[in-house]
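The data blocks that follow each hold one structure.
Look for subunit A in each of the two complexes below; its partner is subunit B in the first and subunit C in the second.
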Partner chain A sequence: MATDIEGIKSVTLETIYDTPEGKLIQSCIQCGTCAGACPHGEYMDYPPRRIIKMLQHGLIEKVFETDSMLKCVNCYACMVKCPREIHLTEVILQLVKEQTIIRLPAVPPELQKALENNYRYGNPMGESGRKRANWVTTSSVPVRILSQNPEPVDVLWFVESYPSYHPRGQDTCRALAKILNALEIDFAILGNEEKSAGECGMLSYESGLAEALVDYNMSVFAKYKFNKMITTDPHALDAFNYRYKLYDFGYEAQHAILFIMQYHDRLKPLLKKTLGYSVTYHDSCCLGRHNKFYDEPRQLLQLIPGIKLVEMVHNRLNSICCGGGGGGMWLDTYFKSQNMERLSDIRVKEAIETGADILAVACPYEIPRFEDALKVAGYDKKIAVKDIVELVSESMED
Partner chain B sequence: MSKTTGNTRTGFYICHCGTNIAGTVDVEKVVDYVSKLPNVVVAKHYKYMCSDPGQEMIQKDIRDQNLNRLVVAACSPFLHERTFRNVASQAGLNQFFFQMVNTREQNAWVHLDALASTEKAIDLARSAIFRVAFHKPLEQKKVPIHPGVLVVGGGIAGIHASLTLANAGKKVFLVEREPTIGGHMAMFDKTFPTLDCAACILTPKMSSVKNHPNITMWTYSEIESVDGYVGNFKVNVKKKPRYIIEDLCVGCLDCIDACVYKEPRFFDEFNQGLSKRKPVYIPFPQATPQLVVIDPETCIDFKSNKCKKTCVDVCERKAIDLNQQPEHKEIEVGTIIVATGFKPFDASGVPYYGYGVYPNVYTALEVERLINASGPTSGEVVMRDGSRPEKIAIIHCVGSRDKNTNLWCSRVCCLYSLKLAHLLKEHTHADIYNFYIDIRTPGKMMEEFYYRMAEEGTKFIRGRVADIYPDLTDEVHRRLIVKAEDTLISEIIKVPVDMVVLSTGLEPRADANDVRRMFNITCSTEGFFIERHPKLAPVNTFTDGIFLAGCCQGPKDIPDTVAQAGAAAAEALALIDSGFIELEPNTAFVVEVDCSGCKSCVPLCPYSAISYQEDKKKAYINEALCKGCGTCVASCPSGSIKQNLFEDEEIYSEIDGILNYTNIYEVSECC
Partner chain C sequence: MNFIVFLKMVPDVIEELKIAGDGKSLDSDWLRMKLNECDEHAVEEAIILKEKTGGKVTVIALDAMELDDALFSALAKGADKAVKITGNLQNIHSPAVAEIYAKYLKDNCLIDNKTLILSGSQAIDDIEGEMIYFLAELLNLPVYGVVTSVSYNSDKNDLTIMKEFSGGIRGEFEVEIPSVLGIQAAENPPRYIPIAKIRAIMKTSTIEEIEIPEDGLTEKIAIDKLFESEVSGRAEMLEGSPEEISAKLIEIFTVKGII
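Here is the complex of A and B:
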């Protein structure tokens, strides 16, 4: 990632060669791995390989005449497999995508609405900001809210929008609260003061909106004293560790699963209930391919007594995106209008094929996406979608 | 400048090297400046100083002008120092009254600013002129060369080098780590581009090695240590116990039949695990030597000591000795050829190709065994699930050209992939798809081979494979889908196939770094051994007397490996037949009157050249072992160690010369 804020704000396709990441495209051997690896590659008029060649030849305006880059779900599949280690997802495609969206005759309404909601309410679903911490009232353990009790705290838990509002996301929140409480962690949340980390703005790509949210959240962080930050949302994790860093965010954010794994000695005796499930784990793109955390979620699952881990055909580095990244969360209708097969549908078929009872996830986008895909596929009774922290919490009940 | 004794008369010569030097450095300006320096009698520039007229010009000046010092500013001393030393000695001057200035590699080639480059040339010239005044006449010591040669590695490179040397009458020790010689070539079925059978051309050479009176072949053996220097190496070899008395075993193989394991059940290394072997086994039918080996990892007797030892009982010649211990041999040789070969890339390193996950994904080496008539299926291409493939994908560049694995092109994969396409088609009549990034077929008859393979109807898809996964909708066959972009039509294609062949690249051996240290040679960051010069000394190493052959130096095909092995043998022969080597006289010596006998230098010497003389209580430096690194000189507390060509006044005057900067442009204007 570029490290200079001004550089990021002002970068254009003309200046792409000025960055070290941009220079790398000169070493492209046009092998097509990116296009083959892209889960939407077959639907793009110009898949990543051709975009790179067109960039090299100065023909990029032609790319903007199509919606190719709107179909990028920021899943890092092209980037991790690129034999020249070109930073496709992190830099090159983002820049092209931003320009594509700017020049689209009309932004798809679903996405437009989500962006507007984020701007007005601080969450993409358009819920009231005052209801953000409502889930706390149904938590079985006390959850401290900093605005009510601003004493310094060890761990600030950034809840994010889907876990705060979506009913299944709230299940995840209550589960994590219970685990943190059992591990005797000094933790707190921002409550209604929190707004979306701005990830969807960045990835889909609307940098003005993202910056407004970054500025807002940074001003809230400045009010409180805490030592570390955790979140269950890998997208927010990336926002903090890559984007917020450029705005002097001085913490290393950690995904909740990695945080919990640090306490596995303390956690293990708490996991008393045997869960006789066969579980398959879906590697989320940001946690897996982007941050290379493949083992930790599996290790946490294997701490739970009775769990049998089975793998899907595509796993770890080769996992298939749920289709929610890069704004895909709000493009389902648009993709359907283009006759594209939904990625979450493909993914749940692989999960069902394993014969597992549970499809375990570690990203809040995935529960609604996979549950919906299961309904469409008519498989809803055969396999349940659960966040890993829900399974850990379930095993703590006696 | 310090005072020198006597009348110093220096000649200075700067070479244009065509335009290599003169294109950047203003040679006339350098000559103009240098000619005004003290002690300089002659200063000249010339187009090619190393040419005959150039050399004759210098020699004429030495004679006519009574020159007693010579400085030549030209290319790297590596290239022509010897040339100009000869010029000096042929004109009657001691060759060490000469100093060379590197004005090409370290100046003209690396600078763009002509003015600064000219100033640098002048500084370096002045420095050399100041220094050479203090040079002393030195003699080169001659050391005899032991005629024996050690060849490390018994693949085709080691085999060819050994035979070449042995045929020239030299004694060769061939040391191979595995129980048989033959290396990777013995595993191949046929060879490109001629499609001759690998065994047919290799096994006769293997048996020649075994039967050659001049070759001592030690298999199942490893080098433990190497001491000494060019011409005089001492090498320790460990012969691992194969639990067979070699002189008694006749290779009847009765012991294998008699083994308490009725069926073979352990990983067969030679067949890449596609078949099983017993704890007592012979790697393959043509193994050389024809001796069985007992694997202590799987033999019951080594684990529980409770085996019935049916193998021992059946052996009429009493050749089995389960208590055999490692044997240690010390040998003396004058030269060493390192031919330790390569390791195929571990295909599971590209996880999305499914090697080790899907049984019908094979490596190329496995397929070589599968096709081979003496392989695990006697040459029938039957897959692990028992079926015969009707559609086969061959994936190029697995573990090559990829920054995530190995960046280099492994050079042989395109051609062996084409070969496998042909052989698989011949054996199965399957449809073959080659997925490639670029087809690279350099070398004699190679493009013609490609043409021929294309004509046979093998399909070519230009695109690097991005994913291989089983087709979940195909309940019956569960074919593997190979997904790639066909970049030439810009379409994402998914080809269902029965069998996938991964054309894995070539890597350095895992222990290349240990080998490098043992032989005191160098390897690149990736681990291939580095040749002394990529063009002009391709089989030499930076350590005199040690040569390279085959894939340990970099990926190459069999013709190139054999050519390189021959070249390494020729280099070794040239050295041996010269009878002696001349040592560079830049060695350190102890001024005994000043030495206090503190011994601090003794452990510092990286070449173990310093010993302590108990009788005199003084340190002693063995000139033949000293490499002139200067460590002892710098460390001696009493300053009693000096080094030829690097004595204090030589170094200080050189520094004086560098620091004695004058602005040449002002000088030339005022004069």
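Here is the complex of A and C:
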């Protein structure tokens, strides 16, 4: 179901029927699987099925008058279930979303601030760009910053905003630095030159913001020589592998977990400490449903001595979104005002039911979202949320 | 109606501010500038009024780092004209800024009964919001600061405004036109403009540049010294059981004469 990315670059809702994508949309049988699969479908005036119907009848303008697409969290649940393989999340919903954002009488303030911050500061939280690499000073191993040492490097690690600034995201950074160092990987980061990859800009959907960030980051990449790019953020991964390629990005970015798994023979002897945790793994939407990396994170967890893996009711293809995608990270207050239950609250209930000690994740949005949700549920002392690389790093301690 | 909005760039406090070697100014190496928040509201209010009554919005500012971004953003929101005043404009403060604006207005704009002048009611480096009062004095116009609502009465060609006072008191005024308003908050929060639109405006619009020489300004303010806030004392944390803490609190309040 790979999308012809070149083909969709200039597609608009007016021209969509001139593309193969348009033929797919015309083939919709209105089965409603998408609306049923959508975690926010019941709250939308126009869930995906109705959006397609409105588009077919030339009534799409009516959809823009509602906030339906603001409620889309880009979780790919509708897209992977569609029997006609229509690229709902990748193409049509994004186009509708962009028009929704442009025509809304008022963009919810938290989302507006995040988008404006991303444009001005290169991160959604509005932190100073000069502090992006501050976490490096707390790393137990050296982390090379390319602007200070621009020699060619094998692996460029794109850190991204939440790992750079969020205190728990920085834990993930320190853990990954330790692992890469132990595996003797030649790696470096962009440091303060890096700005948000812009995936949430694109999927929020704000194509102008996305382009501004793509243009900027591409100009920084052009300054340095590197062979591979890795990231711990599945959203950045998607930005590079699906969008930056439209702008001649010549690499296949790799998620850090898949990168580490390539070295599992070298890694295994380093994992000396038995952890003795019962762990449940949450498949993130981008890494799981969108890129189908279901096995690799579980295989990495099982390399760690003493880890017992238990599954939540919804797992792999059926995993429930944390609610952070598609701008949802900055719409919690808005969703609450619409009396919508937070998806992260729903998801942690499933984690609690497994009886696991650890809720393992592989996406930087999920740590703050699930930690908050566990506090709401009163389980924050009973279950810890950990990025998989944090667990790997913990097992490397003596 | 002709809406003229004066904007000001202020230091962005997201960045750490450092005092320069002269001890009187901020180190420009560390400085990023952004549009003063109240001025953003002034732009928004002007555009809302224009949408209701028709007319033209002109935004005007003294040259500063990152000013172009702020002016293009105002154009993208609906302003019709953007003017950048250049010249040797280092280290000038509200009285001189008002003189420059007054000079610009006298040379370039007709101030008639269809002209409304707006600006933010204060800024982080002008907490008293003096600029509008100096400007109104020079133009001999009525002035109202800390304005939180403006509506136009077409039958009388005047305005009804709400002005905030301290202590939670608000006053409603009928205001003649022309006049000068210092906007505290617009009717709606400043709107979101898709970045694509700002980028398009940057390619298609121009900012008018006008040089106004600094000479002849009667600067009435000079900064002697800039320094970081001094620590006067630290908070004391009370420890113990709730009963012990409340007993200590009562003791402290009694000693201080609060109860």
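We take it that the second predicted complex is superposed on the first by the 387 of 398 C-alpha atoms of A that agree within 3 Å, B and C clash if a C-alpha of one lies under 4 Å from a C-alpha of the other, contacts with A are read in each partner's own complex, and residues count from 1 in each chain.
Assume contacts are C-beta pairs under 8 Å (C-beta built on N, C-alpha and C of every residue); 3 or more make two chains touch, one makes a residue touch a chain.
Quantities reported herein were computed from a predicted structural model and do not represent experimental measurements.
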Note to self: After the superposition on A, what does A:L317 contact: first (subunit B), second (subunit C), both or neither?
What the structure shows: first
Check: A:Q30 contacts which: subunit B (first), subunit C (second), both, neither?
Finding: first
Note to self: For A:M79, using the defined touch cut-off, is the partner it touches subunit B, subunit C, both, or neither? Pick first, second, both or neither.
What the structure shows: neither
Next item on the list: Once the structures are superposed on A, label A:G41 by its partner contacts, choosing first (subunit B), second (subunit C), both or neither.
Entry: first
Margin query: Looking at A:E353 after the superposition, I want to know if it touches subunit B, subunit C, both of them or none. Which is it: first, second, both, neither?
Written below: first
Next item on the list: Would you sort A:G208 into first (subunit B), second (subunit C), both or neither based on which partner it touches?
Entry: second
Checklist line | Touched partner set for A:Y121, first subunit B, second subunit C, both or neither | finding: second
Checklist line | Broader residue contact with subunit A after superposition on the shared chain, subunit B or subunit C | finding: B
Next item on the list: Name the contact category of A:R49: first (subunit B only), second (subunit C only), both, or neither.
Entry: first
Item checked: Residues of subunit A contacting subunit B in one complex and subunit C in the other -> none
Notebook entry, point to check: So in the complex, which bits of subunit C are touching subunit A?
Noted result: 14-16, 34, 188-189, 191-192, 194-199
Check: Tell me, which parts of subunit A touch subunit B in their complex?
Finding: 29-37, 41-42, 47, 49-50, 80-81, 83-85, 313-314, 316-318, 349-350, 353
Notebook entry, point to check: Where on subunit A does subunit C make contact in their complex?
Noted result: 101-102, 106-107, 109, 112, 115-116, 119-121, 126-128, 130, 206-209, 211-212
Next item on the list: Using the touch rule from the top, collect the residues of subunit B that touch subunit A in their complex.
Entry: 351-352, 397, 401-404, 437-438, 462-467, 469-470, 472, 483-487, 490-492
